[in-house]
Every structure is written in C-alpha cells, then in structure tokens.
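All chains are identified by letter, namely A, B, C, D and E, in their written order; residue positions are counted from 1 within each chain.
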Amino acid sequence: MTSEALKTAITALLPEAAFEDGREWLNVRIEAKDWKAFAERLRYQPGLDFDYLFCLTCVDWPAHMDMVYHLTSTVHRHTVVVKAKLEREDPAIDTVCDIWRTAEFHEREVYDLFGVRFNDHPDLRRLLLTDDWKGWPLRKDYEDPVNMIKL
Amino acid sequence: MLEEIGKTEEGDLIINIGPQHPSTHGVLHLVITLNGETVKKVEPHLGYIHRSIEKMSESLSYRQFIYATSRMDYLSSHINNHGCALCVEQGLEVEIPERAQVIRVLMGELTRIASHVLWWGALAMDVGAITPFFHAFRERELLNDLMEETCGARLTMNYMVPGGVMFDLHPNFQRRVHEFISMFKSKIGEYDELVTNNAIFINRMKGVGYISREDAISYGCSGPVARASGVSCDIRKLYPYDIYGKVQLEEVLDDGGDCYARYIVRMKEMQQSLSVIEQLIDNIPSGDHMAKTKAVLKLPKGEYYSRVETARGEFGVYIVSEGKMTPYRIKYRSPGFSNLSAIDHMARGQKIGDLVAIMGSLDLVIPDIDR
Amino acid sequence: MALFLEFVIAGLLCIGLFAILGLVLVLMERKVSAYMQIRLGPNRVGPKGALQTLADTLKLLSKEGLTPRGADRFLFNLAPFVAMIGTMLLLAPIPFAKGFQLWDINIGVLYISAVSSLAVISILLAGWASNNKYSLLGAMRSGAQIVSYELSAGLSIIAIVVLTGSLSISDIIASQADGWWIFKGHLPVWIAFVTFIIAVTAETNRAPFDLAEAESELTAGFHTEYSGMKFALFFLAEYINIFIVCAIGAILFFGGWMPFHIGNWEGFNRIMDYIPSSVWFFGKTFFLIFVIMWFRWTFPRLRIDQLLNLEWKYLLPISMVNVLLITLVAILGWHF
Amino acid sequence: MGPASMIVLIISAVVFSAGAILLSRVLVQATPNPVKGEPYECGVPTIGKSWTQFNVGYYLFALIFLIFDVELIFLFPWAVVARQLEWLALVEILIFLFILFLGLLYAHRKGALRWV
Amino acid sequence: MTLKTYFSNIFSTIRSLLKGMRRTGYYFTHHKEIITQQYPEYKPPLPERFRGEVVMPHNADNEHKCTGCTACELACPNGTIKIVTKQEINAAGKKKKALDTFVYHLELCTMCNLCIVACPTDAIEMAQSFEHSVFDRNSLIKTLNEPGSKLEEGIE
C-alpha cells in the first residue's frame, strides 16, 4: 500500500490519528490509550497485516516521552511508524506482546532503561540491569556518579 | 529468583548456563528449568556486558559514534559501521562515490563470510566436534589478514565513515581476495565432509529447535534464522542499499525451520556472498573513496532510520536529531536481541544437548544483544 | 621375605607403568588432536614438547584440592580412589609380552568384564557427592550409558570366546598363533570388532560418547568440582582405562603379543618372531588407541537418546545375531 | 603371581593415589575462601538443592541392563563349550537368544527404550 | 522401519563417518598444512596500516609537525588525547600558540584512527607496535612530543 492509501486506511481505523511527515515512512501519532485496540487492527485487518514489529523504542523529551513502534508487513511490504506520547511522570502504555511476541523483550528493555510501565505485560522485570538498580539510565536527567565516566 | 523455586514442580532442576560457561558464545546467561534431560523453560538473563552504547552515543559526534558500533556485533563490525554511516548520510544527503559503495559492499560480504565461517566452527564445537573450529579459523585468518591490510584492524574496523570509507583499498587487496576465493572454494568441500554430511551431526540438527514461519515473524526474527523458516527478509534484496540493487544476489530461503535449515541457509549464504564478491572484485570503479563532507557534521532536525543486513540479520539504526552536533537519541535495533527472544519457544521440550545446538544455530553474539 | 619383595617390586612396576602410560597417552592425545587440527600442539617443554604432561602434572600437584560446600566429603574423596583401584585391578590379567603377566587367571575375560564395571561406580560417586547439578547430570548420564554399552562389549567378547573355547587370556592368544582372529574369522569377527570398538569408546566416556563430561553442556560433567590431584587421578584413570580396553581389543582380535604369522610360511614367520613380543603388544594397543583418538577428534557428540538408541536398537540386536553367526562359523569350522 | 596380585594392585592403587594427594597437600599452602567453596554453576549462586528427586528415565535403562546382563553371564559358560557341543550349542543358543530378543522387542514395544 | 532401511541406515552412517575420518586423517599425515606460527620467535610482518598506537614522528632535527590545534583532541571519542599549549614568540616576532605537551592515554585508546584523519598537518600517525601490556597502568600515559622538540619550519 502506498503512503496515501495507508493514510486513508488508518484514518478509517482511528479518526483521531494525526500524521507527521516522516522522511521515508508514514508516521502516525496516537494517544496512548488507543494503542492496544489500534495495534490489534493494524496487525489483523486484511490489507494492513502489519505482522513484523522490527523496532520498538522510546525517546525521552524534556516534557514528555514518545513510544516509537516501527511496523512492517511481510505480506504487503509497507511500513508505518506509530508514536504515542506518554507522561514523563509515571509513563504507562498497554503491552502489545500478545500481538507481536518480540515486544516482550523489547518492552522489558524499554522498561529497564526508561521506566515505562507496560500494562498487562506478563513478566515486567529489569532485563539488562540488576533487579535492585535505581533509576532509568536512558532518561536524559539520569545521573549516575559511580558508573558514568565524564570525559 | 527465590520465588522461581516455588513455581517449579518436584523433580525439576533449575540450572544456570552461563555467563561463565564453555558453550555460551560470550557471556550469555540462561536460567533453564530441567526435568531429567528435558528442557521445560529457558529464561535469558541479559546485561552481563551491557555498556549502554546508546547512551554513550548521545554524547558523541556523528563521526565518533560509529566506532562504538564495531564493538556491538564484533563479528560483523564492518556491516554495523556501514549501517551507521548510511543513517548519517541519509541526513546529510551526500552522494557517495561509486567506488566507495563497491568497497563497502565488498567489505560487507567478506565480513559476512568471516562471520559465517566462525559460526560454522563454533556450531560444530557446540555439538561436540572440536576439529572444525580450528579449520574454520584457517579461512577466517586469511580474511582478517586481508582486511587488516586495508583497514588497519582485524576486528573492530571503524573503516566506514560518513561519506565513504576511511582509506582507499590497499594495492594488494584484489590479488589477495582472488587468492582467498580460490582457497575457500577448495576448502568448502571439506566442510561438507567434516560436518554437513556427517550422520551424527545431521541427527543432532534435524527437527531440533523448530520455529514456524508465523512464530519467526512474530518473534521479530531476522537474518538466516528467519530465512530458514521461509520468511523473506533479506534487506539486501528487499531494500537495497549502496550497490546491492545492481548485483546478482539470490535470497537463500528454506522452509525447514529447524537447526539444520538454519545451518544450510548459512552455508548457502556463504556461496552467495562469494558470488557477490566475484562479481565486484574485478569491477571496482575508479574514483574517490570518499565524498566531501564538512569537518563538523550536523544532521538536520528529524528522524532517520537505516537498516542493513548483518551476518545475523537486520541491523537498524534509528537516530533522532535535534540539529546539534550530537544525536539526541540513538536506538540500535540488533538482530541477535530478537532472535534470542525466540530461544524459549524453540527449546521447550527438547533435550539439554539440543539447547546447546539451538544456541549455536542462532549464531548469538552477546555484545550485540546486550549492547 | 622374597615373596614380599616380589610383591613390592610388582606394585612399584604397576605404579610406574601407570605414571608413564598416563604421561605418554596424554601427550599422544594432544599431539594427535593438534595434527588433525592443523596445529603443532605442545612443543615448548622438552624436545618437541615431550615433557609437557610432566610439567602439567607438576602444575596439578601444586594446585589446591577444593571440596565444594555442602558436598558429601567422604564420598567425594573416595571417588578418585575407587576409580584408581578399578583401573589398577584391570592390569592383573594383561600380558604385556610373552609370559609377562601378573595373573594368568583362567576366566580372564570374565574378570575384565566384571572389574571394568567398577568405573561407573566411581563416576556415580563423584557426580553425586559433588553437590553440583552439572556433576549429577553427568553422573546419571554415564550411569545409563556405561551399563548399556557393557552388553554389546560383552557380546563381542563372547564371540571370540566361542571361537577359542576358553576364557583364559593366554589361551585366546595361543589360539591366534597361526593368524589373528581378525583375519581368520571372516565377516562376523569384523562385526564383533566394530561393535567392540564402539562399545568400549562409549564405556570409557570418550567422544563421540562423552556425554558424562560433555563440556558444551555440562562444563566438565561428573568431575566439574574436582581440582588438583584428585582431578589428575580421574584423568589418569580415564586414560589408563583407554589403554586397557585397547589392550583387550588387541588381545581378542589382533593376537596380543603374538607376532604376525601367515599360515605356514616358515621364513616369514621366523622373521616376524625376531620382533620382541612386547613391541607387538604395544604396537597393536597403541594403534587401537590412535583409532579411538581419531574418533574423538572427528565426530560430533551424540545426544543422550540417540546414544541409547544406538545401543539398544542397533548394537545389541546386531551383536546378538552376530553371536549366532559366530557359532555357525565355529561349528562348521569355516575359520581358517 | 596368582590371586595375590589383586591385593598388591589394590594396595599400589591406594598408595599411588594417597601419595599423590598427600604430596600436593604438603606442597600447597591451602588458602581457604568462602567463594572457593561454592559449587560451580557458571559463577551464579545455585538455585535450590542439587540433590532433588531425579527423572526416572536413567534408572529404566539400568533395570533393563540388569536383566540382560544376567543373561549375558549365562552365555559365558556356554561360549566355552560351544565348539564341543557343536549343533546342540547352536540350537540351544538360538532358543536362548530368541527369548532374549523377544524381551528386547517387548521392552521396545512398551516404550521402555524410548528416552523420556 | 523395514529391515532394508535399517541396514542402509547403518551403511550410510558408517560411510559418512569414514569420510570425516579420511579428512582428519589427511591432515594428520600432511604436516605441511599446519598453520601454527611460533609467536615470539617468528613475528609476522604487520601491514603498514595496522593501528597499534598513536605516535608523533620527529625528524632528524627533533622537529615535529604538530601545531597544537587540538583537532585530534576534539575528534577523539574517548578523551584519549590532551594537548597542552603554550605561547611562543616565533621568528617574525609574533606571539603564537604552540604545542607544549601532547599527552596520549594509550589505556583509553580504541585505535579508531579518527585523530589521524582529523590532523590537518599529518603530525601524528599510527605505529605498528602492539605489545602494550605493562605492570603499571600509569606507564600507558605517554607524552608524544619529545623533550626540546619544536615545530617544523613552514607548518601552519
């Protein structure tokens, strides 16, 4: 599907979705509360079939956080980038690890490094850092006097 | 960890495999629940060598951050650097000289062979045959030597820079690549004799660690792991970068989905890489090896994503730029991370010996997973 | 007094043989593996690395022997002794040269079958007492493995016993004066020989049957927790065991110390007789040891279920049928 | 040397092993350390007991072995006299092995030889 | 499983195993294939581009080419290079910034070659030495410009 066709299809799915001009792919900005239902549509609706979540990450902005999902379809070979804005205080979003299994690990990583809580995640624990680690290292305001070397 | 004991049944044994274990390549830590010899659950515990390269890169300039990616997947450091360079070039909108493109692709394919050769030896060692490991290093050593001559390093190359490659090819390069090709072609039959056709090896591999096409997609697998399950996902074919669009390259697919299919896919991929090298090695266009770039690189505000096919699968670089000298956020999408997440699915119900074979067939490089 | 002196000398000789064989076999293993892996192997200590194992022994001697916390200390320390005793006892009926035998027991092969099963006890003891999960798994595996392969090893020994009609080792060697069984016995003896080699490779826990110490799965299997001299004793016992089973193979199929004779070619046979019998014995034994090492440095390891499949579904039925074939050959006098 | 050789061999094995261990005790100054005493599990503390109830799969083979090994012992005396008995020996062993083979087949059919 | 497949299984297995043994046997008997290099006695020649450590070549008159412009210091991702400059009066009588000490932290260096590329006057280059192990970490901190050295004529 072309970018334009995707745009109409997605607007039909979720009228509130806003579009940003991505360089390569269509960027869709949605509300965090709509994500789960929207993701299910993206995954299972014929014609869309976004079955491959190839990148899941988070960006920490001064005032908010963005969850970024890169989705592609191995059937139609179209790609879409979905972004959801989260509060910096106590960020939370629904998990999608029952839709794309790869999200289980990626969400744990994001939780570990950014502190984003994923509702209904089956096993939300620290993945990379030790269980008793304090703080969220990839946030911009994270300070770790012991482990960070200032050059 | 203590609560895990409560969850296990009588007769189950929880065993740590790794981080200091002879079979985990690098320092992977798996906590496995065993019943007798049967694996009931595999849980990877990551982070033993997590260095937070993403955080480091946020304080490095666009020229500097590339060197750190060599240290992620050290077996395909060229290709990692390539992906980063592509992402920066996307933002700079520079035209890369064709010579540089060809050199990059050549180096990438040589790296792929070097990586697969090492994987071959390591997999054979995982299932108990130690000799192939040393034979594999004979070929890998040749590749390292010829790359060292051009790039100055054997493992952490840092040869790709935004705009092209750091140096021009060494005058000996073409001759030595030809030598390698003829040598490698004479040795690849030995690989089959020692491992591929060995009845014990086939029995250890066939039907072990099966993952279906749907599951491979859902787990985000990429590279040979996904292609062995029949998922067409070769970035070089689907989204060609540099001159991959112009070379003859066949995507190797297999629908076995088991360890043996992954083995066969990688073996065939070596042949494909060899054919790409043969196509390019005598047709390296003359010209500059590097495009003119500014001394200080600044990417315009925006987001950039580039992906390349490393020896392990799809490597993605996601840069968020604020228009400053350093990136605002970098995310590396590493292939091993997603591939590893499928290990529990693959190994459940198999024997502990199979788990080791599965780990070998996934071709895990731990720094790539921990980053 | 003279008897006592004899005992002391015999004991010292056995200890010396043990030590020297251990040094030689370990060096041989390392050299064989190195050449197969296009390496040089040890070449720094002594001429061409000949003293490498001696240096390693000294190193092991200077290591602290550790006992893990929570281990069964008595059994943990007992296990290497059991391994050594079991191996040492096997030396008794082996003729190293013509007339050079500690005890010409009339049920030699039965004695060997009986004593060689002691090895599994030491492995089970070591694995169980270590309080280590890898050790326990390794011990359990080798328990299932060694007892299984004893059957086909026993059956292939029986095949030769049927042909010679005696359990005594000296009788078995004497029966090969006019040709070794491997040449006289047609196909059934070949089948028995192949079965024997496979079975003893498995019984001595050698690759491709080294599941008890599969280093890629169980780090070091049953002797994970052993260090220093206790580890060295296990290591030594393992290599001497290989020597002994290969010696048995040489005795049963290649005529032990018996020189290579062809029928009634008097001249040829006389020339062969000039070569000392001990050279014949050690030559044949070391050839078989080399074959077993060759296996190890070529093949991948089997999985536990495949290992037991091989024994129960292939080796055991085949060797049972083979015993029938051998009986037929013996009765009809088809052997030369 | 006769049966006395067994005693000589056992004593020399014990002397050799004990000598080696004692020699290393004398040579090495033990430096005890709580970490050294940990059971090795890849550098991670062990979870749960090592001595747990164990899978029955291993013992099954030991049981089958026991049956077959006893039968094997019967074969040794037979093998010694087989050539003298000639055809009688063949018939006898045919019946014997046939029964044994049936046992193996039975075990196979029952799934006792399948690894669980 | 029929009897035929049972036996053909055995034969194909044995054949494949023997093929593997033939290959290892070949290497066992062909010692000229051995690739081991005896390291301290035989040191293979390193390619001229090999990146072992950063050095600053001096000519016969103890002159180097470093102007102290700190381009390398800025290019370094790890803070390996620290340049201390001083004020100097040159031949024309003008005050000019010049290199005082070029401190190089070998223990931090990743041999990425970015400083060499960044240098506008080719004052530093990569040497082929690679045996860097020492007992004291401090001995890895090196001063690259030799005592009493000065800037070569004509380098700006």
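The working rule: contacts are C-beta pairs under 8 Å (C-beta built on N, C-alpha and C of every residue); 3 or more make two chains touch, one makes a residue touch a chain.
None of these values were measured; they are calculated from a predicted model.
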| item | value |
| --- | --- |
| Chains touching both chain B and chain C, listed by label | D, E |
| Smallest number of contact steps required from chain A to reach chain B | 1 |
| Most central chain, Cα average position | B |
| Pair joined by more contacting C-beta pairs (B-E or C-D) | C-D |
| Farthest chain relative to chain E (centres taken as mean CA coordinates) | D |
| Greatest separation from chain A - chain, by CA centre | C |
| Chain A and chain D: spacing of chain centres that average the CA atoms, whole Å | 57 |
| Whole-Å gap separating chain C and chain D, where each centre is the average of the chain's CA atoms | 14 |
| Mean-CA-position distance for chain D and chain B (Å) | 45 |
| Centre distance in Å when chain C and chain E are each reduced to the mean of their C-alpha atoms | 50 |
| Multi-partner residues of chain C (at least 2 other chains) | 36-39, 133-134, 141, 219, 297-299, 304-305 |
| Multi-partner residues of chain D (each touching 2 or more other chains) | 41-42, 46, 54-55, 57-58, 115 |
| Residues on chain C engaged by chain B in the complex (per definition of touch) | 33, 36-39, 133-134, 137, 141, 207-208, 210-211, 214-217, 219, 297-306 |
| Chain A contact footprint on chain B (complex, rising order) | 46-47, 50, 52, 54-55, 90, 215, 217-220, 222, 231-233, 238, 302-305, 307, 314, 316, 318, 320, 328-329, 331, 333, 337-338, 340-342, 345, 370 |
| Contact footprint of chain B on chain D as seen in their complex | 41-44, 46-48, 52-58, 115-116 |
| Residues of chain E that touch chain B when the two form their complex | 12-13, 16-17, 19-20, 22-24, 35, 46-47, 49-51, 75-77, 110-114, 117, 126 |
| Chain B to chain C touching residues, read off their complex | 13, 15, 21-23, 34, 37, 124-131, 133-135, 138, 194-195, 198, 200-201, 203-204, 351-356 |
